[in-house]
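Each of the next two complexes has subunit A plus one more chain, namely subunit B in the first and subunit C in the second.
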Partner chain A sequence: MTFNFAVVLKFQEALFLGLWMTLKLTLICIVLGCALGFLVALARTSKNAILRAASSVYVEFFRGTPVLVQLFWIFFCLPLILGVELSNMTSGVIALTLYMGAISSETFRASLKSVGREQLDACVALGLSHWARTTNVVLPQAVLRAAPTLLSNCVSLFKESALVSAVGMADLMFVGQNISNNTARPIEVLTIVALIYFVIAFPLTRAVTVIERRILKRLAL
Partner chain B sequence: MNYSFDFASVFRNFGPLWDGLLVTIELTIAANAIGLTFGFVLALLVMSRSPVVRLPVTLFIEFFRCTPAIIQIVWFFYCVPMLFNVFLGSVTMGILALGLNLAAFNAEAYRAAIQAVPREQLDAGVALGLTPFQRVFYIVLPTAVRNSIPVLLTNGIGIFQQSALVAIVAVQDLMYQGKTLATQTYRPIETFTIVALFYFAVSFPVSQIVGYLERRREALAS
Partner chain C sequence: MSDTAPLVKIEGLHKSYGGVVKVLQGLDIEMKAGDRVVVIGPSGGGKSTLLRVLMGLEQIDGGSIVFGGKPYISANGNGKTAIDAKVRRSIGMVFQHYTLFPHLDVIGNLILAPMKVRGEKKAEAEARAMALLTRFGLAQKAKSYPAQLSGGQKQRVAIARALMLDPKLMLFDEVTSALDPELVAEVEQVILQLAKQQMPMVIVTHDMWFAKNIASRVIFCAGGVVVEDGPPEQVLGSPREERTREFIERVFHIKH
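Here is the complex of A and B:
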C-alpha cells in the first residue's frame, strides 16, 4: 500500500476552515460554560431547596449521559419543543455550553468548598455585603484553585466538540471525514486530522500540569 | 408549545432498544477488561527507566488522551482494515477501539496511584530486607490499586458513555437503535429522552458509588 500525504495539502484551506469552526465553537462554549458553571455551583450550595434540587438534576443528568445523546436531543428535540428553527451553530453552542457548564460546576463546587469558613466569618465581621463577599473574596480564590481543572475541562470540551460533526456541523472532524470519503484516502486524511487535534490539545495538557504545580506552591505559602 | 407526546410508540419498539443496551453493555464490559489489564501494563512500561520503552508508550498514551474519541473510532474502523487487511466484525472493532482508549486513561490513573505511594514505605521495605519484587507486590501494588479504584470506576463509566460513538460507524448499540427508531417513528423527543434515561440509569448509580468511595477515603485520611 502506498501513502500519498500530498492529497491532504490540496485541501489545506477546507481543513483550516474546519479548524476555525472547531476553535470558534470551543472558545464560545468555554466562556459561556464557565460562567454557567460558576452560577450553577453557587446554586448548588444555595439555601433555596428548589434551586439546589434543580441545579443538581441538571448537573447529574449532563454528567450521566453521553454528549452525543445530548447533542442529538438538542439538535432534533429542542426546535420541536420551542417551535422555532435553531441554526446549527446555535444548537451546537447550546449543547456544548450545557455540557461545559455541568462539568465546570463540579470543579467550582470543589474549589468553593476549599475556601475556609473563617474567611466568610471575617467578611461578616467586616460588614461586607453578600455580593462583595462573593465577587471579591470567594470568586478570586475559587478561580485560582479551579484553574488547572478548568483548563483540563477546556481540553475535554475541545475534544468533545468533534461530536458536532455527527449532526452535520462543518467542524474539523466533519471536513476531515468528507475529504476522506471523497478522496478514498482515509489513512492520510484522518491521521492528519488526528494530528491537528493532538498538536493543539497536547501542549494544553502539559500546561495543566505546570499550572497545577505553581498553584500548589503558591497556596502552600 | 403544541406537541402531543406519544411515549407508547417508543415502548412498542422496546425490543431493539433493549438489544442495543445489551450491545452497549457488552462493549463497556469488554473495553473495561482491556482497559484495566492493558492499562496496567502501560503504566508499568511508562515508568520504565529505559527511554526506548518509555518514549513510545508515552506517545501512545498521550495520543489517545489528546485526540477526540470519535476520530480514534473512525480512524480505527477505516484505517485498521486497510493497513492490516483484517476486519474483525463491527462489535469486536468497537471493543478494541474503546479498549485502547480506556487503557491510555487507566494507565495514567495507575501511574498516579503508584507514584503516590509514600517513599518512606519503600525505604521501610528495604530496611526490612524485602526483595524488590516483594516490595512491589506487597507494598506498592495493594495501596496503589486501592487508591486508583475511584478513578478507574470513573473512567469505566466514561467509556460506557463514549461507547455511544460507535453508533456513528454503524455498530448497533443503544444510540444506533435510538437513532433508527427516532427516524422510523418520527418521534425524536420521546425516543432520545428514553435513550438518555437508559444511559443515565446505568451511569448515575456508578457515579454515586465513586462519590461514596471518595468521601470515605477523605474521612479515613483526616
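Here is the complex of A and C:
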C-alpha cells in the first residue's frame, strides 16, 4: 500500500473553504448558543413555574437525544411544520445553536448557583441596585467560573459541527468526504481532515487547563 | 436631628425563621449618635440576626426601626417588611467572612459602590480609595486580588470598602472570628481607630478584651431579648443579671 499525500494538496483550496464554513458555523452558533444558554439558565432558576418547566423540557430533550437526530429533524421536519423553505445553513445554525444553548445553559446554571448568598448580602450592604448587582458582581463571577467548561462546550460544538455534512452543508467534513470519494484516497484525505480538526481543537482544550490554573486560581473562584 | 434624638431606635423587634425558630422576641434598643455598642451573648441568642436586620438583610415579623429620626424598617402586618433603601445606604456592614468581590482587585472592590450607587467619577473614587488604603496600611495592595491577601488584610479592605460610602453607622459582625489569632490585632486596631473618630458602631464579638476596649456600652442579648445593657465596666465587670454573670464567667473561664 502506498500513500500519496500530494493528492490532498491539489484540493487545499476546497479544504480551506470547507474549514472556513466549519469555523463560521461554529462561531455563529457559539455566540447565539451562549446567549441562548444564559437566558435559559436564568429561566431555569426563575420564579415563574411555566418558564422553569419549558426551559427544563428543552434542556433535557436536547441533552437526551443525539445531535444527528436533532439536525435531521430540524432539516427535514421543521420546514414541513412551518411550511417554509430552510437553507441548509439556516437549519445547521438552528440545530447547533439549540444544542449549544442546551449544554451551555447547564454550565451557566452551575456557575450562577456558585455565586454565594454572602456575595449578595455584601451587595445589599453596599446599596447596590439589583441591576448593578447582576451586571457587576453576579455576571462577571458566573462567566469567569463558567469559562473553562464553556470553552470545552465550544470545542464539543466545533467537533459536533461535522455532523452538518450529513445534510449537505459544505463544511470541512463534507469537502473531505467528497475529495476522498473522488480520488479514492480515503486514508490520506480523511487523516488530513482529522488533523485539521485536531490542530484547532487541541490548543483550545489546553487553554481550558490554563484558564483553570491561572485565572481561577488567582481569583480563588 | 437634635443631640438628644436617638440615632437608632429599635422597638419590639420580632424575627423568626419559618415562624418556628424565634430568634428575636421583642427587642428594644435605643442608640445615641456617640454610642459604640458591643453586643455579647450566647450563640443563637440573636446577636448576628440583630445586625442583619439592622442592615436590612432580613425580613421581620414585628416591630420597627427608626434611623436618624426617619422610619427605616417596619413590619407592615401582612408578613411583608418595609425597608427604606435610602436610609439603608447610611449604614455600612462588615461580615465575618470578608465577602470581598473575588473578581475585582482591592481598589475595584472599594470603588464599585461609590460609582454605581452615588455616581461618583472613577478618578475621584480611586483617589478617595487610595487615601483610605494608605491610612489602613494597604496602599501597596491596591492592585492585588482578594485571594492574594491574608485574612487580616481582607478584613481591613472590607472595612475600607464599607467606609467608602461615608456611613453614619457601622455594623461589625464577628469580624475577627474567622481570623488566625495573630491577625486579630491588625483588624481591631482599625476599628479602634474609627472609634477614636467617633464613628457610631454596633459590634458583635466574642473577644472580651476588644469589647472592653472599644465599647461605650455593652448589651447582653439572650433568648432574643436584651437582658442587660450598660457601660462596659458594669456589664463585663459586675453584671447585675444572673444570666449575664454566668455567661461572662464561662467566656472568661475558657479564655484564661
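As a working rule, the second predicted complex is superposed on the first by the 209 of 221 C-alpha atoms of A that agree within 3 Å, B and C clash if a C-alpha of one lies under 4 Å from a C-alpha of the other, contacts with A are read in each partner's own complex, and residues count from 1 in each chain.
As a convention for this text, contacts are C-beta pairs under 8 Å (C-beta built on N, C-alpha and C of every residue); 3 or more make two chains touch, one makes a residue touch a chain.
Keep in mind the model is a prediction, meaning the values are calculated, not measured.
When the two complexes are overlaid on their common chain A, residue A:191 makes contact with subunit B while staying clear of subunit C. Using the contact criterion defined above for the overlaid structures, shared-chain residue A:152 touches neither subunit B nor subunit C, since it reaches no partner.
Touch criterion not met for A:97: it reaches neither subunit B nor subunit C. In the superposed pair of complexes, A:105 makes contact with neither subunit B nor subunit C.
In the superposed model, A:128 makes contact with subunit C only, not with subunit B. Using the contact criterion defined above for the overlaid structures, shared-chain residue A:141 touches subunit C, although it does not reach subunit B. Put subunit B and subunit C next to each other and count what each touches on subunit A; the higher total goes to B. With both structures placed on the common chain, the touch criterion links A:65 to subunit B but leaves subunit C unconnected. By the touch criterion defined above, A:81 lies against subunit B but remains apart from subunit C after alignment on the C-alpha atoms of chain A.
Look at A:173: by the touch rule set out above, it reaches subunit B but stays clear of subunit C.
On the subunit A side of its complex with subunit B, the touching residues are 1, 60-61, 63-70, 72-73, 76-77, 80-83, 155, 159-163, 165-166, 173, 176-177, 180, 186-187, 190-191, 193-194, 197-198, 201-202, 205.
Within the complex formed with subunit C, the residues of subunit A that make contact are 118-119, 121-122, 124-129, 132, 136-137, 140-141, 144, 217-221.
Within the complex formed with subunit A, the subunit B residues making contact are 1-3, 62-63, 65-72, 74-75, 78-79, 82-83, 161-165, 167-168, 175, 178-179, 182, 188-189, 192-193, 195-196, 199-200, 203-204, 207. If you check the complex, the residues on subunit C that touch subunit A are 52, 55-57, 85, 88-89, 91-93, 95, 97, 99-103, 112-113, 116-117, 145-148, 161-162, 165.
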